[in-house]
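Next up: some structures, all given as structure tokens.
Here come two complexes built around subunit A, the first alongside subunit B, the second alongside subunit C.
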Partner chain A sequence: MKILVCIKQIPDMASKFKPNAAGSWFSEADLAFRMNEYDEYAVEEAVKLREKDPASELAVLSVGPARVVEALKKALAMGCDRAVHVPDEEAYRKDPWQIASIIAGYAKKGNFDIIFTGMQSQDRGSAQIGPLLAGMLGFSCVTTAIGFSLEGRTATAKRELEGGAKGVVKAALPAVITCQLGLNTPRYPTLPNIMKAKKKEIAVLNAAELSSEAALAGTEKFYAPVKKGTGLVLEGGDAAALAGKLIDVLKEKTTVLRG
Partner chain B sequence: MEATREIYWNVGRGAIPPMYGFFAAAAGAMAYGFYKKLAVYRSGKALDRVSGPADRLARAVYWALAQLKVLRNPFPGLFHAGFFWGFLLLTAGTALIMVQEDFTVRLFGLRFLQGDFYRGYSLVLDLAGLAAILTLLVFFVRRFLYRPKGLETTADDCLAHALLFFILVTGFLIEGARMAVTELHANPELARFSPVGLLVAGLLPGSPAALEGLHKSLWWVHMFAAFGFIAFVPFGKLRHLFLIPVNYFFSDTGPLGGLKTLDLADENAQTFGAEKVNELSWKDIYDSDACVSCKRCQDECPAYATGKTLSPMKVIQDLRRSALAGPGTDIVAAVTDKALWACTTCRACQTTCPAAIEHVPKIVEMRRSMTLMKGEFAGEEGRAAIGSFEVNKNPFGLPNAGRADWAAGLSVRTLAEDPSADVLYFAGCYASFDRRNKAVAARFMEICSKAGVKVGMLGKEEQCCGEPARKLGNEYLYQELAGENIKTFGKYGVKKIVTACPHCRHTLGVHYRDLGFGGEVVHHTVFIKELIDSGRLKLKALPFEFTYHDSCYLSRYSGVTEEPRAVLAAAGGSLAEMERCGDNSFCCGGGGGRALLEEKEGTKISVERVKMARATGRPVVVSNCPFCLTMLEDGIKAADCEAALKARDLAEVVAERLA
Partner chain C sequence: MNLELTEEQKLIQSTARDFAEKELAPVAAALDRGEESREKFLANIAKLADLGFMGLNIKSAYGGAEAGSVALSLAITEIARACASTAVTLAVNNLVAEIIQTTGTEEQKKKHLRDICSGAYPAASLALTEPGAGSDSAAVSTLAERDGDGWVLNGSKIFITSAPYAGVFAVFAVTDKAAPKGSGISCFLVEAGTPGLVIGREEHKMGQRASATNEVSFENCRVPGDALLGALNKGFSSAAEGLAGGRINIGSLGLGIGLAAIDYATAYAADRKQFGRSISEFQAVQWMIAESYTELEAGRMLLMNAAARREAGKPHTKEAAMCKMYATEAANRACYNAVQLLGGYGYTDQFPVERYARDARVTSIYEGTNEVQRFIVAREILKSL
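Up next is the complex of A and B:
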């Protein structure tokens, strides 16, 4: 079995975001980066699958600037066999269509049976890479998986639907699975695996050679939401639930709970 | 009349060859017993605990003879010391007889057990025997009648008690019988020098012939008991007679609170930390065998005191059982992860242990195995904190770019802005991000500017010192964080650092040495004391009443107990000590990474400490550690005594009294 997992490195979401000089995206100055949370579930699920069959092979891929190598190293330490880095200092200017075609350009040649990725990125949140990739490759596609198993060449995934409803989907391989919170608890890499990961291959591929697709959509402007002085009334439920809601609001919208 | 006695009186010199034969057998049994143990100790990893042997030997002899470690706890320490000295003198007295009869007399015809020396010898030995019997009685009452909480009594304890008691009693009976025949009437002047023997002699009924018969048979019984004791030493708790003084020789000569720095670049290392017996060092295994289950460590342990699974005594006993079960025995399973995560690394156990057993490094070593080899965490909050350290370089998950925000509006500059500072202030995570501790940092800056000290900081270039991660077992993350900090110190040529946090102070000042940073690191308490002593800082003494909470990492890890008291006295404070103070202090519950974890088991350690502070009746508890301040304030809230007790940092008290 050949497995691919696609990951993105994103800024820590607790950061204070400022627009870059062109006002086209956020400035990366002073930001700390980490692996996209949903991609961690994808890596974990891929590693679990790979561990079941010693003959299988698991590659991890990321498109982005030099810093994404850190995320690739973490995926290697978690148990991926090899990594593919497609360097692109301006990846943030590419739209999901372009990123997906770069990945498809690579995956086409790789004969993959299954591709895992996060259901969306925490920073851009378009949730398009998985479905686009499946379309380009002609794979089956299951999104927002919160449960996954494989029987022969049939994948069974539990999906989270609107309003908390769940659904179970069966898909024939090859397939793209996008992963949602609840699928698993990503492992913490052990030190021997971190050491081993340092010796694993990180191949560097040229984005332009994988795809020359033009953007279908561009990001015009990046700016902080205009502050509105609106109030908010929390109603209903018992006191504990209300207090919980209040804390969530304070955490999300203010800094009073941050020390 | 001559002042001496006939050695081997009544038993005759014919007893000598069989006596030596039995002695050889007993000594052989003892040697064999320890030899068997050697293989168990050897199943551990190599560790140098013998270099500098002269100093080690001197220390071992001093600690053992002076009973230094035992006397730390006056009761039952004094009684143990009394017994030890008594028994030691009796053994030495017996050995002197051997020296005279079998060496000096045979070789030079010299007899020294006579005249005044013999009188003194008799008196000293008689009193030593009395002291030994009386202290043994006290032990008997304590162990079997009073039964202190937590003291476990096994067959081994009973046997040791009975044997010692029997040897002492038969010794006096033999003396009494001999004196009844040879001294009571014949040499009363000499008999006075053996008051206990004299008493026994007077009480023994019977004709001289009957007494001689009694004497002879008791002599053999006593001899067998004494040799039995020698043979038994390695096999029961009495092994501590030998193992503990030797453990003093092996004890750590490095700085207080040292931990082994793992070589993470070692390509051959297969395992990190200790999950199995043979992943411990030989010293760890030896330690476990030297434990006498005296429970002193358990009595001092804040986790045990608040109903957690952890008892340091049990940890050591679990290790001992595991070591005896075989080198591959799973020690993490034996000790349990619950117990291991409960430790605050407060070092109270280790400081008080009369056997000089090193508990904390073992606990950390096992945590390392859980973390580094299995990727385990002490709960979800532990996982989150480690994740935050990795991404944000602080446990709060806040952007590290805001690390200098606490200093906004103050005169302190980053070294990047102005590298000419006198001293680097390493604020640490709490003083950088926690609201309460940010205020403390600001007050410390006031003190420095009043004293004319130019302080620099690293701002967003500062990262967590790595201490909580390290104590939680994540040596890899610790070394990453430490490495970055050390690089930054190097970039600015940092020579002297003052820290807000005792944990930072200990880590930067002691542990960073292994990673290549050798600068001077002091805590703000010591820094303030230096400023006062040098006359740069003047205080108005405004009277206030307080109690002082010694943080573990300042007192037990850094030996700083006098300085804060002196500073607070200079500030006009009148101190009422808590029962647990100085290097005997009771942890706030925040050490060992515990401040970042939830405390679900038992009661809250901080509440226990707040109760102790409340018992002094003082309205303020002064501390000087960000963890302590946070934990104490939590404890005060949880104990619902916010009106009666306030927690403050020493720097705040000082800053209010700048002259």
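Up next is the complex of A and C:
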């Protein structure tokens, strides 16, 4: 079994965002970066699968500037076998089509059985990479997985649907699975594994050699969010109905009520 | 000049921060008040051991992470931001482990380091301080006398961190009564459960209340000959290197508490309105914020310098004393400012800054009072003249 997990490094979401000089994206000055939350679920699920089959191999890939090596090293410390870095100091200028094309350019030669990634990035939030990648590779695609198992060449995934409904789908390998909150609890990398990850391979590949696709959608302008209250007020209806709404919100938007 | 952390150091820092935010911060106040059990406290310690935090600077051959002194400092600071009691336990475990690594025999390392690193020992204790030997630590009177091929210990220790759940104690005792003061002292590794090792009263402390601090006494406590750690009668000088590391640990711990306090108070000040505007618009408030962050940053730089020197194997006695003294006092001033910024609310347990202020207070006292640190700094400077 050959497994690939695709990750992105994103700014700490508690940061204060300001537009960059061109006004086309946010300025990275003064921001702290971390692995995209949904990609952490993807890494955890990939590592769990890897651990079940000692003969399998798990690679982690990221497209982005030099700083993404820290996220790759975290994934290696969590249990990935090797890493692939596609350096691009201005990856934010690329649209999802281009990023997916780069990943597909790599994955085509890799003979992967299954590819995990987050259901979206926390910064751009396009949620397109997974489905685009599946389309480009001709793989099955399951999005927003909150449960996952594999039997032979068939993946079974529980999916989160709109309005709190859940569905179960089966997909034949090779497949792309995009991961949602609730799928698992990502492990902390252990300190000895962080140090051992220093010895794991981080291959550096040239983006231009993997894909020369042009952007289909350019980002024109970035607006910093207007500061607003963080609370949500539920109004109308009787107390029982309001309590029900509150429980729905807590279940969907937070981890408070998850076992 | 390179002030950038390595990627591994950054990852250890962020792992410690994530763990502290998710696992420690939610229970720290309840642990402080005794509303959460000691089992909960020790469960968090065990989780930290699983992640490799108990042997941060111990060789991997003995179960450690081999991550270095800088990473140890970073980790303690991040843990202390959430729970100073957990941080001091981690700091002392690492201190004892490093002393064993530096001075122990191969057998002692195999036996004890693995158990400290893995968490098989819930903690490790350093038993140096006595009622009559605080800052004057060479005045220890606990006696170790030859008994066949072993030793018999008699005496009392006080303020022993983690004593009720420590798996092993590094105990300093007099082995040559005739020797000049300080030179006839040896160190022994005494395992929990050894007959004659008596865990006494637990102190009710002002801060760091979740961490146990006890009297420990030795009543005809017999230990085998191979319990001797390091050279006979050289217990002090051989432990000195480890104790310097302990000072960096406590400076790092103080920094974490100070940052937690001023971070909280600054966010509060930005939000709190009086006289029709945010109090952070007042110069008096801005100066408190500016001074605390500047002092803590200076403390951080002193800590990083001392830790980097230690990691590189360079002399660091002076630097370790400097950073311990400065960072813990900066932390206490930051806590004072934090309580002041919250005003009456800061004096209540509805807000965390009173806990930070209590937790920070001891950092200028234990692991060598700051007066002793000043003495060490001056001695190191003057001896080079």
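Basically, the second predicted complex is superposed on the first by the 225 of 259 C-alpha atoms of A that agree within 3 Å, B and C clash if a C-alpha of one lies under 4 Å from a C-alpha of the other, contacts with A are read in each partner's own complex, and residues count from 1 in each chain.
Everything that follows uses one rule, which is that a contact is a pair of C-beta atoms (placed from the backbone, for glycine too) under 8 Å apart; a residue touches a chain by one contact, two chains touch by 3 or more.
Every value quoted in this text rests on a predicted model; they were computed, and no experiment measured them.
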Room on subunit A for both subunit B and subunit C (clash or fit): clash
First (subunit B), second (subunit C), both or neither touched by A:Y188: both
Contacts of A:K16 with subunit B and subunit C, given as first, second, both or neither: first
First (subunit B), second (subunit C), both or neither touched by A:R159: neither
Touching partner for A:K198 - first (subunit B), second (subunit C), both, neither: second
Which of subunit B and subunit C A:D30 touches, first, second, both or neither: first
Which superposed partner A:K73 touches (first subunit B, second subunit C, both, neither): second
Subunit A positions touched by subunit B in one structure and by subunit C in the second: 34, 188-192, 194-195
Interface residues, subunit C side, partner subunit A - complex: 7-8, 10-12, 14-15, 18-19, 50-53, 56, 60, 64-67, 71
Subunit B-facing residues of subunit A, complex: 12, 14-16, 30-34, 187-192, 194-195, 258-259
Touching residues on subunit B, where the partner in the complex is subunit A: 264, 267, 270-272, 371-377, 383, 386-387, 390-393, 396-402, 433-435, 438, 460, 475-476
Subunit C partner contacts - residues on subunit A that touch it in the complex: 34, 69-70, 73-74, 77, 188-195, 197-198
